[in-house]
Amino acid sequence: MPVKLLFIGDIIGKPGREALSRELHRIVDRLYVDLVIANGENAAGGFGLTQETAQDLFKCGVHVLTSGNHIWDKKDALDYIKREERIVRPANYPEGTPGRGATIASTPGGVKVGILNLEGRVFMNNLECPFRCADREIAKLKEEATIVFVDFHAEATSEKVALGWYLDGRVSAVVGTHTHVQTADERILTSGTAYLTDAGMTGSFDSVIGVRKEDAIEKFVTQRPSKFEVAKKDIRVNGVVVEVDEKTGLALKIERINIAV
Amino acid sequence: MPVKLLFIGDIIGKPGREALSRELHRIVDRLYVDLVIANGENAAGGFGLTQETAQDLFKCGVHVLTSGNHIWDKKDALDYIKREERIVRPANYPEGTPGRGATIASTPGGVKVGILNLEGRVFMNNLECPFRCADREIAKLKEEATIVFVDFHAEATSEKVALGWYLDGRVSAVVGTHTHVQTADERILTSGTAYLTDAGMTGSFDSVIGVRKEDAIEKFVTQRPSKFEVAKKDIRVNGVVVEVDEKTGLALKIERINIAV
Amino acid sequence: MPVKLLFIGDIIGKPGREALSRELHRIVDRLYVDLVIANGENAAGGFGLTQETAQDLFKCGVHVLTSGNHIWDKKDALDYIKREERIVRPANYPEGTPGRGATIASTPGGVKVGILNLEGRVFMNNLECPFRCADREIAKLKEEATIVFVDFHAEATSEKVALGWYLDGRVSAVVGTHTHVQTADERILTSGTAYLTDAGMTGSFDSVIGVRKEDAIEKFVTQRPSKFEVAKKDIRVNGVVVEVDEKTGLALKIERINIAV
Amino acid sequence: MPVKLLFIGDIIGKPGREALSRELHRIVDRLYVDLVIANGENAAGGFGLTQETAQDLFKCGVHVLTSGNHIWDKKDALDYIKREERIVRPANYPEGTPGRGATIASTPGGVKVGILNLEGRVFMNNLECPFRCADREIAKLKEEATIVFVDFHAEATSEKVALGWYLDGRVSAVVGTHTHVQTADERILTSGTAYLTDAGMTGSFDSVIGVRKEDAIEKFVTQRPSKFEVAKKDIRVNGVVVEVDEKTGLALKIERINIAV
């Protein structure tokens, strides 16, 4: 039996959350999705995640939230993510970091799915090696789950593509996040891992990657710090659906989604 | 009459050049392309451009070559690009930089097309402001051409999307290059400018953005300098076709291409 | 007659301001200083400058405040620096930036001194070229003043030393700021310009460049955003005294100061 | 009995090596130095280290060579540093990196000295955490040696000062390298560790941190890659002498040296 995973790209503030609240169930039904994973690092006002916004998203039908560099922006998340097993933060943060980098979820049909979150290092934070960290974490997840989904939250395409090949044949899918622009390079790599450089974002497309256009342009043109407000118009849900063979854990199909709501 | 511009993403070394030599004429015929623009910054051995490789590409049917940060890698290009009006380098390099940042080409039907090349500054070189430079250069091109195509060679999606909106309604198309991964966000912005964050690359897809997988992975895993060789298998042509209204200079249609050869 | 300029390195918050309020007059008297210039980008709570903190510093005996990347941190400074001729921000911010990049001050003896502020680009903001900007601004200052002092607010030693040599013989002194650690390379370059890579800071030395040690170490060890508080113990005044020949505008002597208060 | 360690800042190419060959014995005699440690990452033509250049330096009287990010520039060093126990490369490179990150040397009087090399991560390579790596490596060195000297090869002053405080009381000295400009902040920290942000360089001071002035300025002004040649005039030896209490391993005195040769 194939298992269908839906992964939703970075949810940007209230517009993104509201879009999912209205549309997620419909999408899940239409596409026969078994498990919904979503990146929530920008779900609270564009920066970070709070207990409340996370609960909102779980209520909409998200089963597991991944994250990235912005997960630390709201201070109360530090406590919350310690207790909430359905939220992962990048596994390659240093020892002692609150929360977990990987988790196991179950589909309604009882199939276990390992979810691993990693963060890139090129142009980003100074973290532990995501390649070595993946080796370790995947070994652990594989003790419990045949299907493993990796959200690689990274800036540089080279680092993302390299990790895809590095894990090819060892996980079900490697999907990137963080750039907020969906890439068109979805494919199943030679040894069976589904790959997409970036899943895109869920929020306003009348924006600069979720932020009001005027705010973003002002920042580039003035080179001074400027206030970033979440944009509100032209909302779309970006993500990817990966169909996985339950027996092998390898991918059968990968398809991008980009739905105007 | 609509004018059809084909833009080809970064051509990576010999495999990329050979693919174009075999396929470009066929693509041009099939898609009724009027003018071919291609990014040549990686055409010579993966790094830079030489007179010979540029001539190769012009023979294949490329009318104008754009470039980016790697254009300076082969020393003999410095002289050559001074004389060759069909090659542009980013316009926002400092005064005194060899070559030109913008040029005018003509379709076989005699329609003039302005081509402008810019480079981003986020995570890249310390250049002049691409936004202000665009203002200046577009004003000059518009004296001669109604149609203007912009290749914005940049790393950060935010900077690319911001420039798209900044120029919306003032140019025919803003298409990004440099990340070597095609994005799926092609659209015509509110005021009529066609936009795509990255056109992708023309070269081996059994690779990390054109480089041999093993070489790229080794670099990330060892953090030591490592030799980068151009990969050779699974060659594809990435790019975008933009249809422009000759009278207004605004876009009628934008379509990505991703052709296995 | 030699003119003696005292330049004070980045003043860090209240501890730095209080140290100057107690000690500056004494230092000025003891060293026969004619003009006091100080970098104020961290004077208000460690980040930015407000009208009040600037007034404090002028009252202490500072004649001109220079700044750097942190000058924009306190929003009300934007208005204030437009009106206040005794404050400069880096001149190579883009056209339209509030405030001025250079100013002219007079010693009590009536000698005019041009003060120019520039910001580096390596590992910093994407500004206009500081080398070309210096050419332009110095030409203007030289119409009114023979003596010109340059505060180059930059991270990379290579960029700072390069600007020193680039301006050698054309200005009285090039002194760096921003790293908050005084360097030991003071000298008069071949053509007569006094040079020092960094003037250091005025604030707590029981700290990590002005910030509480615990806060800074936590940031490095956790790689998460952390609160930075201004440290309070072991206060020192760092700076440099440059003696300039009034006729030629060239340096006669350069001497670092590092005074525990 | 106090033990006197001389540490020499980054040796730049042939001019730096020749200066040591002429002067090191004299300096050692005059200052009663027991052990000479030197940073050799730029000893071979300004970039990297070869077996030959290392042998040269050992012959001059250097007992242990530390290094940094440039150690990998000359390919043949990879093999050589595996065999040579007197060379260390930063310990926080990933597992499997050739060579060692720490070593033990003995003074002529038979006192063991642990030498640890670390590299910063801010604006540099993506390495393992230097703070945690220091904890591990120092514990190992302390099993054999009471005296431990740390060369922290890093760019940002904040990271360097933070590591100094982090290791205060646990090692004899933390001395920085990499910026090639000597800082003036030598001191013994509260718990007994000698500290200096940067030891400076040994090579031409008629240069931009060792490189010909014209080459460096051209790079900044053109933003194109440019050839860097080692500068040759105005040679100085930069470094620091640390006097350590043999019993406690804590510092008694720290003094910078800056000798024109």
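Letters A, B, C and D mark the chains as written, and numbering starts fresh at 1 in each.
The working rule: a residue touches a chain if its C-beta (ideal position, glycine included) is under 8 Å from a C-beta of that chain, and two chains touch if they have at least 3 such contacts.
Chain labels with UniProt names: A, B, C, D = 2',3'-cyclic-nucleotide 2'-phosphodiesterase.
No experiment lies behind these values; they were computed from the predicted model shown.
Residue-numbered contact pairs of A-C overlap by over half with those of B-D, the repeat interface among A-D, A-B or B-D. Compared on C-beta pairs in contact, B-D and C-D come out with C-D as the pair having more. We define each chain's centre as the mean of its Cα atoms; on that basis chain B and chain D are separated by 44 Å. Each chain gets a centre from the mean of its Cα atoms; for chain C and chain D, those two points are 30 Å apart. For chain C, the set of residues touching two or more other chains reads 94, 126-127, 129, 132, 221.
Of all residues in chain D, only 72-73, 93-94, 96-97, 125-127, 221-225 touch chain B in the complex they form. Chain B makes touch with chain C in their complex at residues 94-95, 121-122, 126-129, 132. Those residues of chain D lying in contact with chain C across their complex are 123, 129, 131-132, 155-159, 161-163, 165-166, 179-185, 190, 197-198, 200, 206, 208-209, 211, 213, 216-217, 220-221, 256, 258.
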